[in-house]
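Comments concern the structure below.
Think of it as A, B, C, D, E and F in the order they're written, each chain with its own count starting at 1.
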Amino acid sequence: MALVIKLSGRIFDDEELVLRYASVINKLPGKIGVVAGGGELARRYIAVARRGGASNTFQDLLGIYASRLNALLLISLLRDAYPRVPATLEEFLAAWGGHKVVVAGGFQPGQSTATVAALVAEAVGSPVLLNAANIDAVYSDDPRRNPNARRIPEMRYDEFEKILHSSALPGGYELMDVWSLSILRRNCITTYVFDGRRPDHIEAIARGENPGSRITC
Amino acid sequence: MALVIKLSGRIFDDEELVLRYASVINKLPGKIGVVAGGGELARRYIAVARRGGASNTFQDLLGIYASRLNALLLISLLRDAYPRVPATLEEFLAAWGGHKVVVAGGFQPGQSTATVAALVAEAVGSPVLLNAANIDAVYSDDPRRNPNARRIPEMRYDEFEKILHSSALPGGYELMDVWSLSILRRNCITTYVFDGRRPDHIEAIARGENPGSRITC
Amino acid sequence: MALVIKLSGRIFDDEELVLRYASVINKLPGKIGVVAGGGELARRYIAVARRGGASNTFQDLLGIYASRLNALLLISLLRDAYPRVPATLEEFLAAWGGHKVVVAGGFQPGQSTATVAALVAEAVGSPVLLNAANIDAVYSDDPRRNPNARRIPEMRYDEFEKILHSSALPGGYELMDVWSLSILRRNCITTYVFDGRRPDHIEAIARGENPGSRITC
Amino acid sequence: MALVIKLSGRIFDDEELVLRYASVINKLPGKIGVVAGGGELARRYIAVARRGGASNTFQDLLGIYASRLNALLLISLLRDAYPRVPATLEEFLAAWGGHKVVVAGGFQPGQSTATVAALVAEAVGSPVLLNAANIDAVYSDDPRRNPNARRIPEMRYDEFEKILHSSALPGGYELMDVWSLSILRRNCITTYVFDGRRPDHIEAIARGENPGSRITC
Amino acid sequence: MALVIKLSGRIFDDEELVLRYASVINKLPGKIGVVAGGGELARRYIAVARRGGASNTFQDLLGIYASRLNALLLISLLRDAYPRVPATLEEFLAAWGGHKVVVAGGFQPGQSTATVAALVAEAVGSPVLLNAANIDAVYSDDPRRNPNARRIPEMRYDEFEKILHSSALPGGYELMDVWSLSILRRNCITTYVFDGRRPDHIEAIARGENPGSRITC
Amino acid sequence: MALVIKLSGRIFDDEELVLRYASVINKLPGKIGVVAGGGELARRYIAVARRGGASNTFQDLLGIYASRLNALLLISLLRDAYPRVPATLEEFLAAWGGHKVVVAGGFQPGQSTATVAALVAEAVGSPVLLNAANIDAVYSDDPRRNPNARRIPEMRYDEFEKILHSSALPGGYELMDVWSLSILRRNCITTYVFDGRRPDHIEAIARGENPGSRITC
């Protein structure tokens, strides 16, 4: 069975975490698609480009190249991974047949890696998306600002969409945007949001636990 | 100066219209990017695929292939057009340098050709996007259902977004979706929506007229 | 063992037929190459291009793009098919290794999909080519015009070539042209011509029957 | 104006000739397409492959690779040539815009380089094809065997087709086959056949002379 | 006339420097090839991969991806640059025709970006290579360790090779290795080594000055 | 287990030898990478290009194209070989997963096929490289000139490097250059050098014999 994992770009800022994720993925059974974010690296390059007057297109392309560097780092640590970072969904699908793991970064300007992960999950028919995020769960409000923010372990996409539109979503755009949400919902893919600093949560989810939040259609 | 034109897929259902658009584009000065929709052709192929249980990914890919067939038809009628239909924004940009016109269809699953047009306009630095639509202007409500629907010749993206969210937008998804709107707004690209059955409106807009609706940031 | 099937473009004008072909192919054992024609869709786009003065090269390219749309529709309905439509014979061969089915449309201007099917059969070493045609068998003359036209269930390529040169071949160019014939003959590939409206004939041929015509070297 | 030149593969067996052709092409005005044959090199590699039981597909691919080596040799001697050997007609067309000369070898199995030259002439809209052949003109019969063979300086494609079908065509398949003939005829491209050992004949033809044979529609 | 500039990867660790290099290159006349190193970014990713047991091939690929991210950052700041980072020398050459600047990073494992720069200079026929290095000139020994190290403003490749073999070359492998040296020497390309923190030195060299070291054949 | 074989280009000048190598490789168990040299064919084409003033880049590209023709000849004679000649190491790696044998020629200008073989051995994790050379073993000096030259059956890379630098290495550049040596050494790959006219030596080495020279780290 297929499984798709979205790794927040922040994970790649922590050497130890990357090695542990590689180790967890190497032990997983079945076929696995992974999508890496651009993280701090992306933000740093985009900032320079913006200062120099680069277009939005190139700012986004820099984020994509950064996420691909992250993706390749993970590939270098995996057994039986497709040795390239696919640049399009069609290349991802063509590579899917021949390898246990395929790791992508961004695909194109104007699109988050959260959306790439949703497109990949849809394309390979994965019933779940594991979102290793910058926050440990979905909250009713930003817990860093609002001490009364409620942790929501289970919700439907409709409920999640309202939180998304309230603009108070912690982790924000990178966690999930409107486009990725609509793709996940139209395929009834269950999303698990969990703390990206805990690679072991992947094994917990595989055992049937829900260490963060679960979003269903 | 660059100009980007979005052609509703419906235009390609009318042989006469296609020939007239080719004629208008051949006479335009400067560099021109065109994005063709999939239209009725796309809808027909997607319907068969859905009936046979094809995934959303392949349904979208069929729409993309249909839009590329439409794009190639236009290319075959143009002088000095890039002879291929670019499959990604990066290929579009690489082709942009060497030809007067580059014509694209869809780029990837989960994305409207309206969004492709917005991405292209952003990438080539076009200050305007000409949207040859299935309706002659933006209305406050669907004029086919509500006789009191108001035609809106001028509006800002904020106002347009509210109409978009009210779900009463005639022409709907294909005219402009949330994603294309956000790309156009972040670049302050002025969008002209006009009746796709009137290729001559392109010339009118070039003369400074506003035959349908104009959306600004 | 390899098997190559040529599907007349007309098949794709009939939604029901496409679904039934997908179903038959999904049940076939072994590796299968399929080549889809452009059909009515191709003819319609080529007619517009010709009216607008497009070159023969682009008219042919439109036919190729139309056949690729047909090919993708079939792919979307198959299990374990290569997810792309190969654009060249070399890409077809590279894809052949990793999937049960590979589906192509046209390859290049100036070449029929009948020839593509012959090249594919040669390349994958298929001993037979199943030609799902616009006619139910090869006749001595066009049966729609000549009531005395004789149905020929068995013939050699030499005999078939004479019928081909007599210009009275019903189904004509799309059934088989001089180039595809020479490729099939040089490889001693047995061709079965049968009524394209009968997907079940593929199963009949697999059982050793000859529902239409059989051409041998 | 565009001009397309077909160079017999034999030319590349003669170092001196290759250098002289490069020199002539470097002096020609306008845009030039060149197609190189595989010659003796192709024949030698194909012979080994056939002895070892290689398929027809790979025998043809070896001929194509040999012709591409010849094409690259010519490119290395030209000023302002596209630096790659295009592998398909679509790549040829995309390269055509940006360079004075584009040089191709073969495109795909089952197809002569004579046909490639015809497809290229059609695609770039060249009114003439210069065929630097293994013979100095078209004859009514093989002059090496029949002392009464008549040299034919002017003929129409219909007449030429009869000679082609009589199987007595000296230079044979490589000079022109049925497929290339049909492409040239459908575009009314005038073909000049001349002695491939005489690069200066290109200049003569440019001056309005006809040093070998001229075939018109 | 063509000019090739090699930018040490370290330059990309300094935001200010990158912007100033972009500004200098935007003002240069003629055609310009640029090759970006991987710098600290490459070293950091390679270190993680090595710790996790990645192969040398993937360690090198990570360095290449890092250098391509640097290359893209520069591209985003330039006017009329090829919008992609070419992945091979052949792609570099094909892009060279249509743009004022082409920017590459690494090409393949086992190869320094110094070698890429030498190959690019050879391919585009540049008479000089400007090496913006981690040191301000070539010294007889490492000046950070040996206070008696002599600064050498002018030398021939033979002399430089001896310094290179003495293993005391400051800046070491990234400045120039045996392979890049042999390519530069076989083409008699003059190399200028100068302090990478001084983009203005490019203008000084253009004025005929030699702010660091000059190596000739 | 993976095995990489480097075939001297000279082998392809002898039809019989090519067939015998194909036969030996078809019988080998496990996964096999092969790298073909350009041989006499490359030298002949390069000589013409040099006479005509072609750049070093194009001279090297001609050698690469010649080696790819040799590679394709071998592919045409193998069972279950990747049907294309990979143009880059990344393409080689992507093809490696799906086939028993992958055969490459050269990758890029300025690089020997000996280096390609070392890069391939490193990339696929082969513990040995079998070098089918133009000489039967490594000697202390050129045996054709020095009757006292000593045949060295076993040596370490350090010792081999000294011989390499003494410039007396028979077979020279094509056998192994500084770059390939450094790649082999950094991976501790054992190299067997043996007489390229003896395909049976591959089987001998597989049995644990050392018919020529063995170089270890």
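Basically, a contact is a pair of C-beta atoms (placed from the backbone, for glycine too) under 8 Å apart; a residue touches a chain by one contact, two chains touch by 3 or more.
A quick map from chain label to UniProt name: A, B, C, D, E, F = Uridylate kinase.
Note that this is a predicted model, so its numbers are computed, not measured.
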Subject >> Winner on C-beta contact pairs when B-E is weighed against C-D >> reply: C-D
Original post:
Tell me which of A-C, A-B or A-E has the interface of E-F again, with more than half the contact pairs shared?
Top reply: A-B
Original post:
Roughly how far is subunit D (Uridylate kinase) from subunit F (Uridylate kinase), going centre to centre by Cα mean, in whole Å?
Top reply: 35
**OP:** Let me have the rounded angstrom distance from the C-alpha centre of subunit D (Uridylate kinase) over to the C-alpha centre of subunit E (Uridylate kinase), please.
**Re:** 43
Subject >> Junction residues of subunit B (Uridylate kinase) - those touching two or more other chains >> reply: 55, 61, 90, 93, 98
Subject >> Touching chain combinations (by label order) >> reply: A-B, A-C, A-E, A-F, B-C, B-D, B-E, C-D, C-F, D-E, D-F, E-F
Subject >> In the complex, subunit C (Uridylate kinase) residues that touch subunit B (Uridylate kinase) >> reply: 15, 18-19, 22, 41, 45, 47-49, 51-55, 58-59, 61-62, 65-66, 68-69, 72-73, 75-77
**OP:** Please give the residue numbers of subunit C (Uridylate kinase) that touch subunit F (Uridylate kinase) in the complex, ascending.
**Re:** 90, 93-94, 96-98
Subject >> Of all residues in subunit B (Uridylate kinase), those that touch subunit D (Uridylate kinase) in their complex >> reply: 82-84, 95, 98-99
**OP:** Provide the residue numbers of subunit D (Uridylate kinase) that touch subunit C (Uridylate kinase) in the complex, in ascending order.
**Re:** 55-57, 61, 87-90, 93, 107-111, 115, 118-119, 122-123, 125, 178-179, 183, 186-187
